[in-house]
Amino acid sequence: MAHRFISEIEAGETINDIYMVREPILRSTTRGDLYIAMFLSDRTGRLNGRMWQATEAVYKALPKPGFVHIDGRSELYQNNLQIVINNVGVIDADKVDLETFLSRTDKDIGRMFEQIKSTLDGIKNPQLKALVAEFLADAELMDKFRNAPAATSLHHNCLGGLLEHTHNMLRVACAILPLYPNVQGDLVLAGVFLHDIGKTEELSYDMAFSYTDSGQLMGHIAQSLLMIQRRADALAARGTPIDKEIFDALGHIILSHHGEYKFGSPKLPATPEAFMVYYIDDLDAKVNQVTSAIENEPGDSNWTGWKNALQTRLYRKRIE
Amino acid sequence: MAHRFISEIEAGETINDIYMVREPILRSTTRGDLYIAMFLSDRTGRLNGRMWQATEAVYKALPKPGFVHIDGRSELYQNNLQIVINNVGVIDADKVDLETFLSRTDKDIGRMFEQIKSTLDGIKNPQLKALVAEFLADAELMDKFRNAPAATSLHHNCLGGLLEHTHNMLRVACAILPLYPNVQGDLVLAGVFLHDIGKTEELSYDMAFSYTDSGQLMGHIAQSLLMIQRRADALAARGTPIDKEIFDALGHIILSHHGEYKFGSPKLPATPEAFMVYYIDDLDAKVNQVTSAIENEPGDSNWTGWKNALQTRLYRKRIE
Amino acid sequence: MAHRFISEIEAGETINDIYMVREPILRSTTRGDLYIAMFLSDRTGRLNGRMWQATEAVYKALPKPGFVHIDGRSELYQNNLQIVINNVGVIDADKVDLETFLSRTDKDIGRMFEQIKSTLDGIKNPQLKALVAEFLADAELMDKFRNAPAATSLHHNCLGGLLEHTHNMLRVACAILPLYPNVQGDLVLAGVFLHDIGKTEELSYDMAFSYTDSGQLMGHIAQSLLMIQRRADALAARGTPIDKEIFDALGHIILSHHGEYKFGSPKLPATPEAFMVYYIDDLDAKVNQVTSAIENEPGDSNWTGWKNALQTRLYRKRIE
Amino acid sequence: MAHRFISEIEAGETINDIYMVREPILRSTTRGDLYIAMFLSDRTGRLNGRMWQATEAVYKALPKPGFVHIDGRSELYQNNLQIVINNVGVIDADKVDLETFLSRTDKDIGRMFEQIKSTLDGIKNPQLKALVAEFLADAELMDKFRNAPAATSLHHNCLGGLLEHTHNMLRVACAILPLYPNVQGDLVLAGVFLHDIGKTEELSYDMAFSYTDSGQLMGHIAQSLLMIQRRADALAARGTPIDKEIFDALGHIILSHHGEYKFGSPKLPATPEAFMVYYIDDLDAKVNQVTSAIENEPGDSNWTGWKNALQTRLYRKRIE
Amino acid sequence: MAHRFISEIEAGETINDIYMVREPILRSTTRGDLYIAMFLSDRTGRLNGRMWQATEAVYKALPKPGFVHIDGRSELYQNNLQIVINNVGVIDADKVDLETFLSRTDKDIGRMFEQIKSTLDGIKNPQLKALVAEFLADAELMDKFRNAPAATSLHHNCLGGLLEHTHNMLRVACAILPLYPNVQGDLVLAGVFLHDIGKTEELSYDMAFSYTDSGQLMGHIAQSLLMIQRRADALAARGTPIDKEIFDALGHIILSHHGEYKFGSPKLPATPEAFMVYYIDDLDAKVNQVTSAIENEPGDSNWTGWKNALQTRLYRKRIE
Amino acid sequence: MAHRFISEIEAGETINDIYMVREPILRSTTRGDLYIAMFLSDRTGRLNGRMWQATEAVYKALPKPGFVHIDGRSELYQNNLQIVINNVGVIDADKVDLETFLSRTDKDIGRMFEQIKSTLDGIKNPQLKALVAEFLADAELMDKFRNAPAATSLHHNCLGGLLEHTHNMLRVACAILPLYPNVQGDLVLAGVFLHDIGKTEELSYDMAFSYTDSGQLMGHIAQSLLMIQRRADALAARGTPIDKEIFDALGHIILSHHGEYKFGSPKLPATPEAFMVYYIDDLDAKVNQVTSAIENEPGDSNWTGWKNALQTRLYRKRIE
């Protein structure tokens, strides 16, 4: 049966479907009766849920957060839609289709990943090639790489977003590298591939898009660098070490790719390759962010709402 | 006869050639004799010149600045090379080959200009096409556009630099526009072509690269915008007006293409096209600046000197 | 019949008057009945309106935004006053007195405009005089100039606010110019008159104070400059061109009058006249903003609320 | 006999005049002979002085800094003018005309001071009037107030500069206060008079313009405030205390008159009077700084050199 | 009878206790009946109070703010707890235990003050010793010093917080001064003792923690300095003046102890002692702020909420 | 024989000693004779050296940089001391006492290192203890740790400076940790020990204090983190892994210890331990920098020269 999406629910519907539950709280009414307040959500939005005549046992059984099957009814309360719950049953996370609850890239993940591998196959420097291969051969990591978002908000914030962002950056790199013959293409390609690889550890995306403890303490820049060193060490242990100069030049791209100290880069770009990765990253992220905001804003105003990260509203009217 | 470039002169040479003269000063020695101190330069560098036993008449005849034929000799004075002048003759600016005195792009100006015209020919929107054609049809302006530098220093600071920068930006735009189907290509192409057109009025480059009075008071962003309005007005007077929305969308690209208030943009980018022109401009300027600094720095150190505009030294060692 | 102002309505009144309607939304109650929620406002404030038992036809007929005649009753709902609407009728915008809905300067507009003309008549430089006359002769523009606000908020945000601000700045300029004999008075007077003239195009003030599309894309600084060039071009076409040096000196005042890059000036002041216009503008705007905030804040606390633009609260106690 | 000013000395003159001496150093030549190097200056400039065949006794007798009578000759050495000294005699500082060595305002100090007193006489609030009178009655302080510079550089950096700056600010205040009827004039006049009074303690100007130890440790803002408290305490001890509210409102003007934290104000303006004093101060200082720079720059270029404090060069061409 | 703390009240309780009342407002229902809305609080939190069937006489009798005895009942209204009031009686502020309403340090105030006096007794410089003694001998001031908070929020925001902060800073100073033999300990100890003494005048803490008018106009940095000058003047009047150099060195510590202009210091640290007081202050304040936030945040998440002043969330998990 | 230090050489001495040579250049005089210009230095300063009648063979033999024995004579040339070289002989770097050429801490390195080990022995957490032991057991690294400077300039810029700085920070930590019982001491001690360990790789100090290529590309923050991961991996390979939470908490201290993004920290402090290490680091570095600048400045002025990193001059007068 098709999922009834939160954004489509109207007042007065009978609800009989699975939703993600977050922050359930057990409360008592003025008469002393217990009830449970909670948020119910899927990838299209979030509503308040209320279960009257609840018991402490029901409350304790609820996942915090997790998935539940809801039997109830939608209604307007003080002009806001809420769901009044009659029965609630816990659902194992393995049993749900995660894409119902987290948005996913609309590009073909398998095809993008194949194109990335094909592009990286063009790297000629044997050490960079070996290092990249070490990452590609790590099936568990590549599985995360294919599914992680690129951010919790702003740009490419969907399952597969990191892959889509990396894939498009590689396409841009291949398109413009011929125009800059003094820029070392192998370093740029390896740098683009690995610049955000630490986001597989920085971000959590099993229930919703958020940061891991490690991600908040270290950040994906440091995590990417540590992941590269560990693979380089593994290669060295197998007798094919990476030259310090190559490791440092690649590490520098990772460390400087946010371009400015205030955006969390501990080093400023100091090589043509670092500048190129920085600009391609920013271009792809910002154009994605801007075009997504323009498309997703409801209504037909010529302008989106205020975008704090860009310090402007965005103009949506096209001349074409 | 081949010009003897300043950078190649060694101590003890007989000098018999044309140089640019700047800031000549008439002075008297402790014994009361008059002499003239001046700078002599070409595009490779600058030396002190000294003419002993000078007269006020000789001094008054000197252009300030301009070109002179020098008959003299190079010598070391306090470890610095200087030129001791026996005779000096004024040379008309029309008679000299300007490229000897101002560096010029090593790309083919005619070919780049043809490619630019060919690329702009791909614009489909009839109003943008007409507006661009109005600029291309202005022979005097296009002559300046082919010869102006893109900056007095930092990047593309050579005759033809503005053309080379615009040409390469158009090539980047054409290469990546297919990757961003929601971005309106016509606006990007017209925006790239015209984003710095005001530099033809902002910069002076007949003797050396500097700013005009108008350039310092107004800046090329405002000047570009004024130039576009004047062409739009001319088109309107001929019965083919530019829609206000199209004029504003293009004007917005001009006004916001420095990307941040602190770099002199009075507006922040608010359309996908404005973001794209901003990033392509910055990418092309910075990569040119970085690769030029790496190539032109003498010596074989792994690092260039400190680059204040980039707040770093640049790493010159290649892994390839 | 006198208008019943929003700020004076108490609970339990019968309402029978015209208000501006904004953002009407058609909703259904839990029982499935349709109702319309909307905002009702005049220049003194805004209330929620609710029309129960509404129909889709009534909803579609409502202007979004526009003016309506309301037949209903005020009541307290959850401690907030709202208006329950029995009947609603659309009113043509031409039939309402705009000043009921948008606040207007309490100064005499006609008299201020006459004083401005009289002051500008003192300009001696014939070209600046001609340029100023070109603006004063544009009846349609002068009509906008007399009615536009100076800002959407913060200072002089009322109909006629731009005129009041310009008028007071001219009075300050005339008062202090004799104290600075090296400052060129003609440039200061013309600069003050035209510094914000683009706000007639940047701002929209027929229903409420907001920005036009063109205003958001270009900004009043660029718009003022473009308006000046167009008048200068018209004068030139009539055989009395403005010298480039005069145009540039005036344009520089426009471009630099926000004083800092971060406030949207693409050029920093570089002439005594530009500094003077910048300081007079800032002084008049800030003193108006501060004294207005002190007067308009309800209650009798010694301090106003936090003013984010000034990063402080304001002290209201007087020593006199 | 008229003083021979440093700026007028040419090579080959016999020198027989009094100059300020600074930083004398005793050195030995390669042959082991002792000589003294020093700077010789007056208010028009500074030259190197060299006394060959010096003795340690002569060196020890030299003031560091102070005044000396020089018997010698000017000559060119490596294209720089220097003075070769035959005899040097120490001159008591009381015997020299300080104005030869420190520039002085060209306005009439006595007349400006009388006008200031007359203006302040218009203060009506009895407590502010008493406080201002307490300052005016302090003859020693008023003597410093009449002679101190307003700054060591940038603006009004001459003897009498503080007086001239305060005098002109009072004239501006009187000219514009009628245009702002909600601003309390008494507070503005007292605030203008006392805003920089601490500069009499912050700056040293007996030999050259510099900072006192106390000035560097505390700054004139804190020093002004302390001076006001001490006079208020004295009035209180005589039975006419200043209300805390009046003291605080005046103190607030002093503390906030630099307008921004980064310019050393520990408080931001929070009253209309504080805003007005801040703007009048900045306007008068900047217009003085700009017009002085334009007048004093030698040569006839349209532009002055780069002014770091203003982040621009200044345009000198007039349209009048 | 024990006070029933706000944070412990549940729905359905009978309320019979004293609370602080703030911002009472008299309103009328849709039926025209009068009622009073107000906030009721103690140091653990704040609830809405509603007194139905109120009269204007009852409203007028309420302190704004002050203390009242409440006879009523708690109930849930729209999921928020509120107190419905049957009777209300005004309580004199002298009759309540202030600590019930304002949180107090859990350290022993008397013991901390004794330790501070003992530490300051170690100052050897006779003038600093005399100046410190002048403060310690001011019983009224010391009473404020023992009770004032160190801030209205963020750190040590409790009665006795200023004392606790000063006490701990002195302990840190004593612990590390032996490690920095070139730093003058007497100045550091006196500087720590007096660095925030002006907070006794800047902050108001009789009803709640807020700023006095004087505090907002002047700030504790200026107030501390003025307080020191007044004591130094008193000592001088008694024949034991403080040397200007000592006064300035101590004043400099006060003026610079926020370390940066943007935090309200009008001078940057320029002595080793000023640097040390600045760092000890910041260290003690920030560690207190961070550990308090970690302890006081409810729930068991690994992270606190976002802390705007620190621009991060805080990690609460311990490794020990 | 005692080394003749550069700072003590006077004009006219016979020179017969070893100096570091840098940047030798072969030049020809106006007569065509070859000579060599070079810098000669030791830890006390630097002079120009000139070898007339040089040959290309002598030039080629010179190290660039390295050590040479000089036979020559000091003389004044244009008021600057220089050394005229008669003979020059290359000296092997192993044969020189490096401390003659690079300044060294005046503390006892062996004793400081023992105290550090003893302090770290107090760590109770077994994993942190094991990780710290892994570093202490690396003899080659500890040798670098004992000799590296803490910076190339500003503070602790001497051989052993990193050790001295770390040693003093540990002493401060031990002194104040008892005052902050909620701060986890083991993390602070380990964090202090390792916070700058990457400087052993970032800085080069065999000839002079400078940055390695790797140091410029990566920075000591990233290098420290990589070094910790490698030791943690080694421990894990031996069966005693470090918990991810402990590794992250320690890594966070490293990454955030510069306290602000603009100082190169990619993360802001988010734990009490990170705040404590940050403040102890800054306190120790700044107090060392300030007291060193005060001591080392020649002359007896009350103020040092301008210190750009501190944005102030420093006051040197003591009250004690």
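Going by the order they are written in, the chains are A, B, C, D, E and F; count residues from 1 in each one.
The rule we apply is simple: a contact is a pair of C-beta atoms (placed from the backbone, for glycine too) under 8 Å apart; a residue touches a chain by one contact, two chains touch by 3 or more.
Everything numeric here is computed off the predicted structure, so don't read it as measured data.
Enquirer: From subunit A, how many touching-chain steps at minimum until you land on subunit F?
Expert: The least step count works out to 1.
Enquirer: Please state, in steps, how far subunit E lies from subunit B along the shortest route of touching chains.
Expert: Minimum step count, subunit B to subunit E: 2.
Enquirer: Taking each chain's centre as its mean C-alpha position, how far apart are subunit C and subunit F in Å?
Expert: About 61 Å separates the centre of subunit C from that of subunit F.
Enquirer: So how far apart, in whole Å, are subunit E and subunit F when each is placed at the average of its C-alpha atoms?
Expert: Using C-alpha averages as centres, the distance is 44 Å.
Enquirer: Can you pull out the residues of subunit C that are in contact with at least two other chains?
Expert: 78, 213, 216-217, 245, 249, 252, 270, 313, 315, 317
Enquirer: According to the definition of touch, which chains form touching pairs?
Expert: A-B, A-C, A-E, A-F, B-C, B-D, B-F, C-D, C-E, D-E, D-F, E-F
Enquirer: Please give the residue numbers of subunit E that touch subunit A in the complex, ascending.
Expert: 10-12, 75-76, 78-79, 302-303, 313, 315, 317
Enquirer: Of all residues in subunit A, which touch subunit E in the complex?
Expert: It is residues 27-32, 37, 78, 213, 216-217 of subunit A that touch subunit E.
Enquirer: For a test of understanding, state which residues of subunit D touch subunit E in their complex under the given definition.
Expert: Per the stated touch rule, the residues are 213-214, 216-219, 221-222, 225-226, 229-230, 233, 244-245, 248-249, 251-252, 255, 261-267, 270.
Enquirer: In their complex, what parts of subunit F are in touch with subunit E?
Expert: The touching residues are 125, 128, 168, 171-172, 175-176, 179-180, 182-184, 186-187, 243, 245-246, 249, 252, 268-272, 275-276, 279-280, 282-283, 286-287, 290-291, 294-295, 310-315, 317-320.
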